[in-house]
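Right after this note come the structures.
Shared chain: chain A. Partners: chain B in the first complex, chain C in the second.
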Partner chain A sequence: MNTPAAMTWQKNPELAWREIDDQTVIISPNDSVMHELNDTGSFLWKNIDGIKSVGELAELLVENYEVTPHVALSDTQALLEEMSSRKLVATVAETGVVLP
Partner chain B sequence: MNAPLANPGRDFGQQFEFSIGCVPLCLEMSDLRLYGAALARYAAFTSAAEKPIHIALNNAAPPERALPDFAYEFEGAALRAFSSDIRFDGVRNQYALDSLVRVFLSWKLLEHQGFLLHAATVMQGEKAYIFTGRSGAGKSTVASLSPAGSVLTDEISLLRREEGGWRAYGTPFWGEFKAAGSNSSAPVAGIFRLLQATENRVELLRPMTILRTLLPNVLFFSADAEANRRLLEILSRAATEIKGYNLSFSKNAAFWEVLPA
Partner chain C sequence: MSVTSSAGATPLMDRLISRTVRKHRPLSVHFDLTYRCNERCVHCYLDHDDHGELTTAECLKVLDDLARSGTLFLTFSGGEIFLRRDLYEILAAARHLHFDISLKSNALLVTAERAARLREFAVRRVQISVYSDVPAIHDAITKVPGSLERTLAAIPVLLEHGLPVKLACPLMRENLAGYRGVMALAEKLGVPYVLDLTITPMMDGSGGPLEHRASVSSLLPVLRDPVLHSCKPQMTPQAARAMNSFEPSLGSAVSSGMASSAYEDLPCSAGHNSCYISPYGDVFPCVQLPQAAGNLRREKFDDIWYHAPQLERLRAIRETQLPICSRCEIRSYCERCPGLALMEGGDMLGAYERACALAEEKARLAGVAAPISALHLKRKQEAGLVPTKGEVEFASFAVHTSSD
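So, the complex of A and B:
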């Protein structure tokens, strides 16, 4: 299932994260699980703010990486769904609010 | 070194003051058996700091106050850290006491840019070498192959950032050595991830790999998001500022020859 391009996502506020060596480490305190994001994942993670839509995130990928709009949208959707399955992000529609 | 302190307490029979990693603590208790256990366990770490952190041990007085800043339970023993005081309750033996002291320290060290790490620390040439890895990786073997008196701990190391650099402290938390620990410290020379191998060799690691090595070996028990953010910030700083290496380790004393000075 592809997340719609107009949908907006936000980070789980319970998480701790740091960027190091162009990668992002995310810790989920409740289950002590560590997640790692590569360069592209880190770029998207930094830009997930509860305001930008999936389509806008994909546009940022196109502007910063050598990738076509179609691939950028597909990659963004796949990454967000993967993050969602790990409870790293949630849609604004799910939470009902834009979290700080 | 100061003699262990045994003073009449306020509402408690005994007080015992000690310091681990420059974090001064004062256990207040009425149970002479626990007092004896604390005395034996932390004898090498006794101190008389001006303002130790007071910990009420098994004080029956019920707390009527707000939620604690940090709480943890372990096999019936409970730690509750309020802004004004610290309480350990349900502590029946030295093992429970030792566990709560570790848990409390792991949380308190956040204020001091520090953390506890599953690692052996050995001093060589006035510097501290940190050897980390999962159980069985060789921490105790490293300790057993090191000169007498040079091992600060064979199980749980304490690292703090002080005056722009990192310093490792001995702890009373030991593994197979079952010794009293060494209450001394030294600047950190490096962090070495132990890998069993047929020859001794070191390989410099990138900060991300060092962080990846530290995270599963750090002792931390708070599920609070802000506390975890602070921990991750401290660990990221350590991974960036301390040199880290893979140490292929063939479990003989010749490994010292391949370590960087």
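So, the complex of A and C:
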């Protein structure tokens, strides 16, 4: 199921993360699992702020990478769902508020 | 776009270490917030007087600099961290900057309220020093009556608040015989542990703590212990479930770096992708290598990290170029530390007695016949007890000639 383009997502506030040379490393403190995002994943991660919608994130991808709007939206949706399954992000609707 | 995940010491971690070593990114930092302590452990290498700790504002500035430089793994230690009145303020800032936060403490001051605060800051691990499961032994080391009871009472409190705990047990003369008790205690608590064979000199180089160091021969039962698999990572089933670190159960409790094959020909992580910061703002490659590269009150972290001559010299060292150790036949059994080589042998590039003796014992236990380190071989050769390489070749030539 694709996450709707109007939906907004935010990072799990408990995560530790750092962008190191265009790649983002994320650690979940509860299980010590380490995650790595490539450069486009890192770009999206930086822009996930609880305010921008999925569609807006995809538009940013189109502006910064050579990708069509259709592919950008589909890739953004896929990455958010993947990160959601790993509890790295949650929808603002789920948390009820935009977390700091 | 992709997201890759894994836990523990993994290819993903190795890749991160390789990348940060190659580009000299300060991935892991050990930050002592204070040297003040409410215990007086007999083997401690610190001067517990306060000689002018970084202020709260200075600590927060350091954290900002580290985050900008790419530090992810941040360990706050001491002294006893709970003696810093601004600890929560510092932890809140570290959380805000998305560090992976670990703490080291004796847990004497842990309460349910304090544990709850630590949980708020998403602390990933609290490492607690436990020297024995026997109160008289533990308390004699800390010089605080009742300290084991208080420390052990704190552990369930931390666990109940969702804070992973790890026991750290430096082994010395006073507690060596009871190391199995600490392992059993960890198993009972369901937490991982690390037994540490390293007792270091004071940071000023004086050797007081070394009086408590166990002899190499007395360490043999530990090295032989099948549960520890001859120094390979080994955990109880409960500890494996609670596994939340990238370190083995027999290793160093003070190192700021992480063990990995990704370091290849480097002596260790110190100065390559890890460093140590003292409560006074001094930046060292490692707490065990007390050669200050600069001070954060006078210089920015990046200026020290990328330009200090001490760090540049350290980064040039390759194990295969060490004058003595590079030709050592039992090098693979050695856990040589550049800092201890400097403090104990006077030369960061040199061999030192303790590492050589331990390597020989480990090699012997692994089935190597008559193992001898390059240092000991050199000494024997200098004393004329074994032929040098040139003498062996000459003797061989002489035998060949006579048979003609």
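Methods note: the second predicted complex is superposed on the first by the 100 of 100 C-alpha atoms of A that agree within 3 Å, B and C clash if a C-alpha of one lies under 4 Å from a C-alpha of the other, contacts with A are read in each partner's own complex, and residues count from 1 in each chain.
Throughout what follows, a contact is a pair of C-beta atoms (placed from the backbone, for glycine too) under 8 Å apart; a residue touches a chain by one contact, two chains touch by 3 or more.
What you see is a predicted model; the values in this text were computed from it and never measured.
Considered on the superposed chain A, chain B and chain C are sterically incompatible, since they clash. Between chain B and chain C, C touches the greater number of residues of chain A.
Once the two complexes are laid over each other on the shared chain, residue contacts for A:Leu57 go to neither chain B nor chain C. By the document's definition of touching, of the two partners only chain C reaches A:His35; chain B does not. After overlaying the two complexes on the shared chain, residue contacts for A:Ala16 are found with chain B and with chain C alike. In the superposed pair of complexes, A:Met83 makes contact with chain C only, with no contact to chain B.
When the two complexes are overlaid on their common chain A, residue A:Ile27 makes contact with chain B and with chain C alike. By the touch criterion defined above, A:Leu73 reaches neither chain B nor chain C. Contacts of A:Ile48 after superposition: neither chain B nor chain C is touched. Touched by chain B in one complex and by chain C in the other are residues 13-18, 20-21, 23, 25, 27, 29-30, 34, 36 of chain A. On chain A, the positions that touch chain C within their shared complex are 13-21, 23, 25, 27, 29-38, 40-41, 44, 75-76, 78-79, 82-83, 86, 88, 100. Residues 13-18, 20-21, 23, 25, 27, 29-30, 34, 36 of chain A are the ones touching chain B in the complex.
By the touch criterion stated above, chain B contacts chain A in their complex at residues 206-208, 211-212, 215-216, 222-225, 227-229, 231-233, 236, 239-240. Residues 1-8, 10, 12-13, 15-16, 19-20, 23, 25, 27, 67, 70-72, 96, 98-101, 122-124, 162, 164, 243-245 of chain C touch chain A in their complex.
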